[in-house]
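Read through the structures below before going on.
Heads up, the next two complexes both have subunit A, just with different partners, subunit B and then subunit C.
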Partner chain A sequence: MSAVAPSSAAAAPAALPSARAPARRDAAARALAPRVVLGLYVMFLLVPIYWLVNMSLKTNLEISSGMTLWPEAPTLDNYRRIFTDASWYSGYINSLKFVVLNTAISLGVALPAAYAFSRYRFLGDKHLFFWLLSNRMAPPAVFALPFFQLYSAVGLFDTPWAVALAHCVFNIPLAVWILEGFMSGVPREIDETAAIDGWSFPAFFVRLFLPLVAGGVGVAAFFCFMFSWVELLLARTLTTVDAKPITATMTRTVSAAGMDWGLLAAAGTLTIVPGAVVIWFVRNHIARGFALGRV
Partner chain B sequence: MSVALEGVSLSAGGRPVLHPLTLELPSGLPNVLLGPTGSGKTTLLRLLAGLDRPDAGRILAEGRDVTGTAVRRRSVAMVYQQFINYPTLSVFENIASPLRVGRLPRAEVESRVLEAARLLRLEPHLKRKPLELSGGQQQRTAIARALVKRASLVLMDEPLANLDYKLREELREELPKLFAESGAVFVYATTEPAEALLLGGRVATLSEGSVTQFGPAGEVFRRPCDLATARVFSDPPLNEAPARIEGGRLRLASGVALPAPPLPTGACTVGVRAHQLSLEPLEGAVPLPATVRVSEVTGSESYIHLDVGGLSWVVLTPGVRRPEPGDAATVWLDPRRLLVFGEDGRLAATPALAEAA
Partner chain C sequence: MAKPRDDRAWLLVLPVVALVAFSALIPVMTVVNYSVQDSFGNNEFFWNGTGWFKELLDPSTDLGGRFFDALWRTLLFSALCLLIEIPLGIGVALSMPRQGWGVSASLVVLALPLLIPWNVVGTIWQVFARRDIGLLGAAVNGLGVDYNYAQDPLDAWITVVAMDVWHWTSLVALLCYAGLRSIPDAYYQAARVDGAGAWAVFRAIQLPKMQRVLTIAVLLRFMDSFMIYTEPFVVTGGGPGNATTFLSIDLVKIALGQFDLGKAAAMSIVYNLIVLAVCWVFFATTTRRESEAAR
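Up next is the complex of A and B:
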């Protein structure tokens, strides 16, 4: 720097140090700015979740008596009630039942379908493929009435199967789209090489092909799991007592005794946990999943 | 052992991609399919493998019709231009893949895989995944898998095209040996005439979905049966010129007359390869005036692109020469090295000095 402007340095030797100091402060501020912005952003995202956890650890008295940034008298009573009261924990079990069922059915159907869309050309394949996705565009409410009537008639009403099958309308198309994207990323020559090597199709599909699209399977399972886990309308309409999901149970706290804030917050916290766990497993593939596997 | 095609043809989307062809591929020496991109080499290989079915015709393996037989039941191995391996399996399992299906005893699998890995120098990498290896090692893994199967038909689709120069030379030398010993029918597709000559064996030249000639490599090179074959089997491109046979003389369009082979009067096309032209006077050669367009120096040789009476020609000349574009030059054309093609494109006269090519 001094070599570049020796004349100006000679002309105003006293001005240099004071001119440099603000420059350094500018650079420091510029380096700090992104962190501050990002920090604020993350904080805003996390505030509702923090508040939920915060509330779940408070008593109802503390919640209703004023605002406290953290629990004054932390208590696990709310959680204890959920884990001991059958009417609460059975909600989680019921939800898990139909969510796992639905994820299994969706993947079981979507894997061969996605392979067919990815590898074969057949009459109307492109239209069928698009029609699949358009299924997702219908609001669940549209399907609530026909499903309700149909399941009542065939005796599926108020069973985990009812909800699991109903959610397939939304999850199979999504899973097919995601998996098709991932599968099309695998060169067709690998399929051919396996055939030339003599692998039977089922053996090739399970032992050679599935590991190649494992990321896609994980992401598709995640999306099925999450949709089924948070979906309220169909799940509540198609169940009454025996298969009542947690999302429906949570609406119960608005009762004659007033609002059980702490309990509801604890239930909410527990509802977030499974999603967070599943995200952890597919975190490396999730971005590609949101692009439906097409990167 | 041999594999034969009988009147096999294929079209896609109403357009023929392979015209009916009959070909018998013997075992032992390599059978090279030579042709530019899009000439139908890969199509032909896929038909031979059984990955695609021909519209018409039969494919016979050792006299038995295998046209409708599924790929899985055929004794075929194939290596692609892209390095195709199973990314999730180790190199050992990749090579062992065809043997796993056959449910061979563990010791047998191991000894055969190790043998193939030794031949292709993959021993240090057997525990690694294919994608951790270099391109050459990946392709050697694919070749080892083809070798270990001991298939009676081995197909290679430009297997060395994506490899670096040194490795290509090495593998080109080894491949025919590896597969000739096994008694398999070895089919090798390439776009490079030099590769076809180096591999030896037989060459089938392909042009626009037809096999134009099939025979020993040297013979096809020296006596291409038609213009299409000569074009496919020339790199740099064949130098061509329209000409006429008149009164026992071969008259080029530019007016130069050459001594002609005994041919009936009529129009013809002459072709001469770049290395058979010279920028120095040759005994018995005819000088043609030319203008330099571009010169390329490749180490000890130079390609000089010239404008010879309105035709675009290339001359391969020894040594480093860098004439400037626009310079005048003289090309010496030896009539005894000319390929003369009749109006129908068939070779009309064999060059007198063919053997010296």
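Up next is the complex of A and C:
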């Protein structure tokens, strides 16, 4: 039951029985098509990742001496080097620091703003909204140099704060956009009833309203985490030593003996793990979240 | 019901405005400032008026030629990405299961590439497509096709586009999937009663219902592919020659490599204005459509 039922349901939209195609075999072929498409696509997604993991378990000698589809002598040496060398594992800690800071700042300021946009009209609201979104559209390359100078001038250069604040430029607009979508889905009668019942605005917002948009807050946090975690250009430009993120550390694996492919692959594999964990936690909200709460 | 007008809502928006203004307005002013000045180093600047802009927009000069070459390359890249990713994303979304364990599983797998740091995406494709150690490169060469993305411009383009398809088609698919899920079953039942074929169901029910999310998808994909920097930078470094030097890569070369502040600033502004103009047209048409639908 378990294996057959979902797939036949999956095929439902594509395999509506047509009046002109009575043949049973035709319908069966059409029910199979979606599974084939999805299967091929999933393979296309997973094979490059598998190759990275495969390489991370090989020694450099095995990588350079010939192609093997799986590691013949699997070794965890590459991972051991990352976990014992401070210049490697501190990169992960630095990355997590600015990602968490950025997510907290973005959500903290975006929540009240999204509420304002979803509940009121006010002077210049539409222009303000587009101005905010326009920052999401600015190429990071445009900001790299001025950010470097700005954060050097205020003494934040090479701290997690510099990267966290820099990432706010594109994460805050996104968080406002997502949260506004989710909040607009909550009927305004709730606000009015709470006001009549004598709730103060802060108490209402934190204790009544926030639980109603909890899904949206989770999705917004997911997106802030995602875009801050994957960004390299600004994170690399704004740090040198103390706050260098793992992604920047990875760009320097060229040694005198050539590329250290095994180590690079191991470091890359480890950067996939936090993302995979986060996805697992939000998997049920993910589809709606990607539509920014507007479905 | 119309939203009430209340200018006190500005108080709720103020933190966002302050933070984004600090992180965006100051850098933008710096860029504008540089774009109208020239410098011989030593922090001595003098007025250059619109000189940089004239040079930039005149294809017969060095800078202008370089700018327009990179611009056409970036536009071609964005066009290719949209042409492949949008239909493929729709196809994948249509073949996704609608219930059962397959839903969570395919959502998690699909979202995986989106959470991988962009330079790691570059690394994955670098090790996957190399002819000496990569599965793809070795397999293609094994089939007798001479494939080497480091030397042949066409191969480099194929690799970079394939990488972007791998990286971002999931976003389109997840958005479309969210749109598809919002279609009530009654629509499909009505279509079945009418004896509509799969194509008719797609054109009459599924495509119109996906229109809003597709707009978001096209907008996000245009913005991000037009601003792409990290992934091609890791894989090809803009080469071979200048074959894959997109606008961002060229901009960073001028700004942080050669420290030509005036040229880089003028280029930043024109670049940013192009993205803004396209997105504004999109934003305006969607909001108009939404307000018409609300009426």
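Here is the rule we go by: the second predicted complex is superposed on the first by the 259 of 295 C-alpha atoms of A that agree within 3 Å, B and C clash if a C-alpha of one lies under 4 Å from a C-alpha of the other, contacts with A are read in each partner's own complex, and residues count from 1 in each chain.
Just so we're on the same page, contacts are C-beta pairs under 8 Å (C-beta built on N, C-alpha and C of every residue); 3 or more make two chains touch, one makes a residue touch a chain.
As the structure is a computational prediction, the values presented were derived from the model and not from experiment.
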{"item": "Three-chain arrangement built on subunit A, subunit B and subunit C clash or fit", "value": "fit"}
{"item": "Touching partner for A:Pro140 - first (subunit B), second (subunit C), both, neither", "value": "second"}
{"item": "Touching partner for A:Ser200 - first (subunit B), second (subunit C), both, neither", "value": "first"}
{"item": "Which superposed partner A:Leu234 touches (first subunit B, second subunit C, both, neither)", "value": "neither"}
{"item": "Partner chain(s) touched by A:Ile190 [first = subunit B, second = subunit C, both, neither]", "value": "first"}
{"item": "Subunit A residues touched by each partner, larger count belonging to subunit B or subunit C", "value": "C"}
{"item": "Partner chain in contact with A:Val42 - subunit B first, subunit C second, else both or neither", "value": "second"}
{"item": "Partner chain(s) touched by A:Ala243 [first = subunit B, second = subunit C, both, neither]", "value": "neither"}
{"item": "Contacts of A:Leu208 with subunit B and subunit C, given as first, second, both or neither", "value": "first"}
{"item": "Contacts of A:Trp51 with subunit B and subunit C, given as first, second, both or neither", "value": "second"}
{"item": "Superposition-derived minimum Cα distance between subunit C and subunit B (Å)", "value": "9"}
{"item": "Residues of subunit C touching subunit A in the complex", "value": "1-10, 12-13, 15-17, 19-20, 22-24, 26-28, 30-31, 88, 91-92, 94-104, 106-120, 123-125, 127-128, 132-136, 138, 166, 169-171, 174-175, 177-182, 188, 191-192, 195-198, 201, 206, 212-213, 216, 223, 226-227, 229-230, 234, 247-249, 251-252, 255-256, 261, 264, 268, 271-272, 275-276, 279-280, 283, 287"}
{"item": "Residue ranges of subunit A touching subunit B (in the complex, touch as defined)", "value": "187, 189-190, 192-200, 203, 208, 211-212"}
{"item": "Complex interface listing, subunit B residues touching subunit A", "value": "49, 51, 70-74, 76-78, 80, 82, 84, 86-89, 97-98, 101-102, 142, 145, 149"}
{"item": "In the complex with subunit C, residue positions of subunit A that touch it", "value": "2, 5-7, 9-10, 12-21, 30, 33-35, 37-38, 41-42, 44-49, 51-52, 55, 63-64, 67, 69, 105, 108-110, 112-113, 115-117, 119-123, 125-126, 128, 130, 132-147, 149-150, 165-166, 168-169, 172-173, 176, 188, 226, 229-233, 237, 246-247, 250-251, 261, 264-265, 268, 271-272, 274-276, 278-280, 283-284, 286-288, 290-292, 294-295"}
